[in-house]
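Heads up, there are several structures right after this.
In what follows, subunit A forms one complex with subunit B and a second complex with subunit C.
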Partner chain A sequence: MSDIVIKAAGWLGPEGFGNDLAGLANWPAPLGEALRRGELEELRWSELFDSEAERFARMDWLSRLGLMAVELLDARFETWDAQDREQTGICVETATGCLTSDAEFLRLPRPTVFTYTLPSTVIGEICIRHRFKGPMLCLMSSGKSTRATIDEAAGWLREGSAKACLCVSCEAVSPDVAALLPPDLALENKWQACALLLGRKSGAPRQHALGKGTLTETCRHLCRAARRC
Partner chain B sequence: MEALVEELKNKIIAALSLEDIKPADIKADEPIFGTGLGLDSIDSLELVSMLERDYGILIEEMSVAQKAFASVRTLAEFVAKNRKN
Partner chain C sequence: MGASLETTLSQPRAAVAGCGAICATGAGIGTLADALRDNRSALRAREAFAGKRYQTTVAGWVPEETIAQLATHDPEHADAHAFLMADAALQEAGKNLPTAAAGRRALVLSTTKADILAMERVFHRQPCSRTVHRHILPRLLADDLAAAHQVRGPVQCVSAACISGLLALQQGASLIERGAADVVLVAGVDLVSHFVLAGFTSLKSLDAEGCRPFDSRRTGLSLGEGAGAVALVRRDLLPSPVWTIAGWGSSNDANHLTGPSRDGSGLVLAINRALQRAAVATGGIDYLHAHGTGTLYNDNMESLALRTVFGKNVPPCSSSKGIFGHTLGAAGVLETILCLLAARSNTLPGTPRLLERDPVAPQSMLLRPQPATRLRCMLKINSGFGGANAALVLRKDPA
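This part shows the complex of A and B:
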């Protein structure tokens, strides 16, 4: 794996949010208390970013969290030009996928909810905002975060089908859906999202070696280890 | 009619989760689609669904929808004339 490095990382979950440059920050109270209870509707784009995110409030929570994790990473990665973006691939892993949207659609079928009853929709929302046009993969995992997306992304980078690749792990389960999850689905959190940007090793500063941790572990470790902590 | 116009503005905002839009931002006589609201084809389906759910109005022809959704005022006139509940 030594030829592949981590160029940037972004993470958000009940504990806080951050990236590998700024470190992890705690949510301000009382938002933090609401988020620890799983009340995601309290989390708005403007809590984290000065930029605009068109249609953000109309997305499902899987897409919102995935988009936020990539934005946290993007804020850190300053040298990402348009050409890089066109050749950027994306691998998403999720255990719970679109279950929350599925449940909402079953309660009240609506076209705007139906569009989010596919777990891969988060990839579409991220690619629309960031103009990524490389290969894409959505992997339904069995629970805990894995290295499957990292291995897939490394393969794309080595064979040249992507110049950079995002690995995103995303879970967004509403409290009522969480109560219905099978007990053997060992989620770390009912909601969280993280993103790693992988690329070939270069002379650019602030590259991280790719360790043996899972996607989520690696993101959180890099964000915790950054200077704010 | 003005009360129905205001009711529909609120329903459009709620149905489409237009978080940053207030009823006063929606002009009653301006086109609903193709303006600053940034609505798309899925939103049009959502509004058709809302009419059926809240007013019992079933729209089956595109030409009917195009006329009804020309503006909030034309939509209010259409609802007043065709509502079942």
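This part shows the complex of A and C:
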């Protein structure tokens, strides 16, 4: 794995949020155990999403959390040219996917909700915002974060299918929807998203070795290490 | 980038060892082959869903007697329709496979909604067995199918809208290419339910009479349900000749969540990536199986993308949505099986329910089946919500 490195990481969940480069001092207090609509908006997302804030408000929670994790990356996507974006792949993993939107649609069917009843819609939202057009994959996991997305992304980078790759893990389960889940599903967290930006090793600064951890573990490890610095 | 890909990946290692299917034509690939030969549509209205304010109930429904037979054979899963269908397709695909240790057997499932009937029951607090309750989550359905088919190797579940099936085949081939498995069972499954009908009705994307892909009078798609399974095996474990998964590619339009990009540029990227990986030139494609949903925008976008890639020489092409409808997460797998069945009978499939070809559609769009003069390399494409596009190259080895 030494030829593939982490260029940036971002995460948010019940303990708070962070990324591998920026200090956390300017951010609001850590999020509460149950991350609800109002609390997420306290993340000053309008600063992150600028004129697209209205679009952000229309999204389901899976897309919001996944997009927010990507926005937390200190990656300066705005400086990337069209070719960079065309060769940026994205791998998403989720255990519960769009269950919250499914339940909302069952309660009241409407097209704006149906759009979000696919776990891969978060990929579309991220790609629309950043004009990423590379290979894509959305894997459903068993509840525990796995290595599958990292391994897939590393494969794309090695074989040249992508020049950069985002690995995103997200879960967004509201308390009422959690009651619908099978009893034997062991979820690590019902509100959480994390993102890694992977690329091939280069001479650029701020590159982290890709360890053996899962996506979630790797993000948190990097963020905690950055906080200690 | 291109040169290294061609050098390292032009020798495909994943070959097709078997197929299985359950869809609107019935159980078994034989029923699909018959519909293909007869250019017959199996779309029909369904009384049980009438009067619910859906645009239509015309869809590719799996015959009720087929489901009843499956349930009789497996009473433990009688109410687990997604499991029953996928399990039956996997059993058919898995006949006569080379022996492999359980740890070298993998499974990749593709689905958009897993057992959506179970989700509806759980949500409405209706009786639901513990077994089927698990299947509201796609990955648990994959885990149960893996356990039923002696899979102890990697298990993956792809859920990426209507390109899920092609991505699952890609993942299956990739597991073999990377040495993670010798046998990969790839299955795709999705059901038509109140949820699904209500969703597509809310988007006003259904054709009340049944879909007419690439027809100048088309007004929308027809939903379909079913399961398809393809058993992939390490190339060197099978006698020649075999069909291999030679290349694949995917992309995102980065344009719109439910509408395809108007210029087809995303699909062009996916096709070019697949051709590049397979080291096949555009002139080397003998047949192309289109997504061809029957919606105005999809078929326009696809036609434009094909002209961009192939110019005036678009290979003979067709859509099979008129046979069994749009089976969503199962579409890529079922439609790949249809390509393989066509190759087996040396036939170029027609496009059932296409009567009057839209002028924007490729001239090479086939209305009826035709004998094939050459079938050595085929291209399968799908696009879906979220701006997703995927392409897969199937190649006979040796040609």
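General remarks:
Heads up, the rule we're going with is that the second predicted complex is superposed on the first by the 187 of 229 C-alpha atoms of A that agree within 3 Å, B and C clash if a C-alpha of one lies under 4 Å from a C-alpha of the other, contacts with A are read in each partner's own complex, and residues count from 1 in each chain.
Everything below uses one rule, namely that a contact is a pair of C-beta atoms (placed from the backbone, for glycine too) under 8 Å apart; a residue touches a chain by one contact, two chains touch by 3 or more.
Quantities reported herein were computed from a predicted structural model and do not represent experimental measurements.
Once the two complexes are laid over each other on the shared chain, residue contacts for A:A195 go to neither subunit B nor subunit C. Legend: residue contacts after superposition of the two complexes on their common chain; A:C219 is shown touching neither subunit B nor subunit C.
Within the superposed three-chain model, A:L185 lies in touch with subunit C and out of touch with subunit B [touch as defined at top]. Of the two partner chains placed by the overlay, subunit B and subunit C both lie in contact with A:R110. Once chain A of one complex is fitted onto chain A of the other, the partner contacts of A:L139 are limited to subunit C, with no touch recorded for subunit B. When the two structures are aligned on the shared chain, A:A57 is found in touch with subunit B, with no touch to subunit C. In the overlay built on the shared chain, the residue A:E125 is in contact with subunit C alone; subunit B does not reach it. More residues of subunit A are touched by C (comparison of subunit B with subunit C).
Of the two partner chains placed by the overlay, neither subunit B nor subunit C lies in contact with A:A172. Residue overlap on subunit A between the subunit B contacts of one complex and the subunit C contacts of the other covers 110-111, 115.
Across the interface of their complex, subunit B is touched by residues 44, 54-55, 57-58, 110-112, 115 of subunit A. Contact residues of subunit C toward subunit A in the complex are 1-2, 4-5, 8-9, 112-113, 119-120, 122-124, 130, 133-134, 136-140, 142-143, 156-161, 167, 171, 174, 178, 195, 198-199, 202-203, 249-258, 266, 269, 273, 277, 385-388. Considering their complex, residues 15-20, 38, 42-43, 45-46, 49 of subunit B touch subunit A.
By the touch rule above, subunit A contacts subunit C in their complex via residues 85-86, 90, 95-97, 99, 102-103, 105-106, 109-111, 114-115, 117-121, 123-125, 127-128, 130-143, 148, 152, 155, 159-161, 180-182, 184-185.
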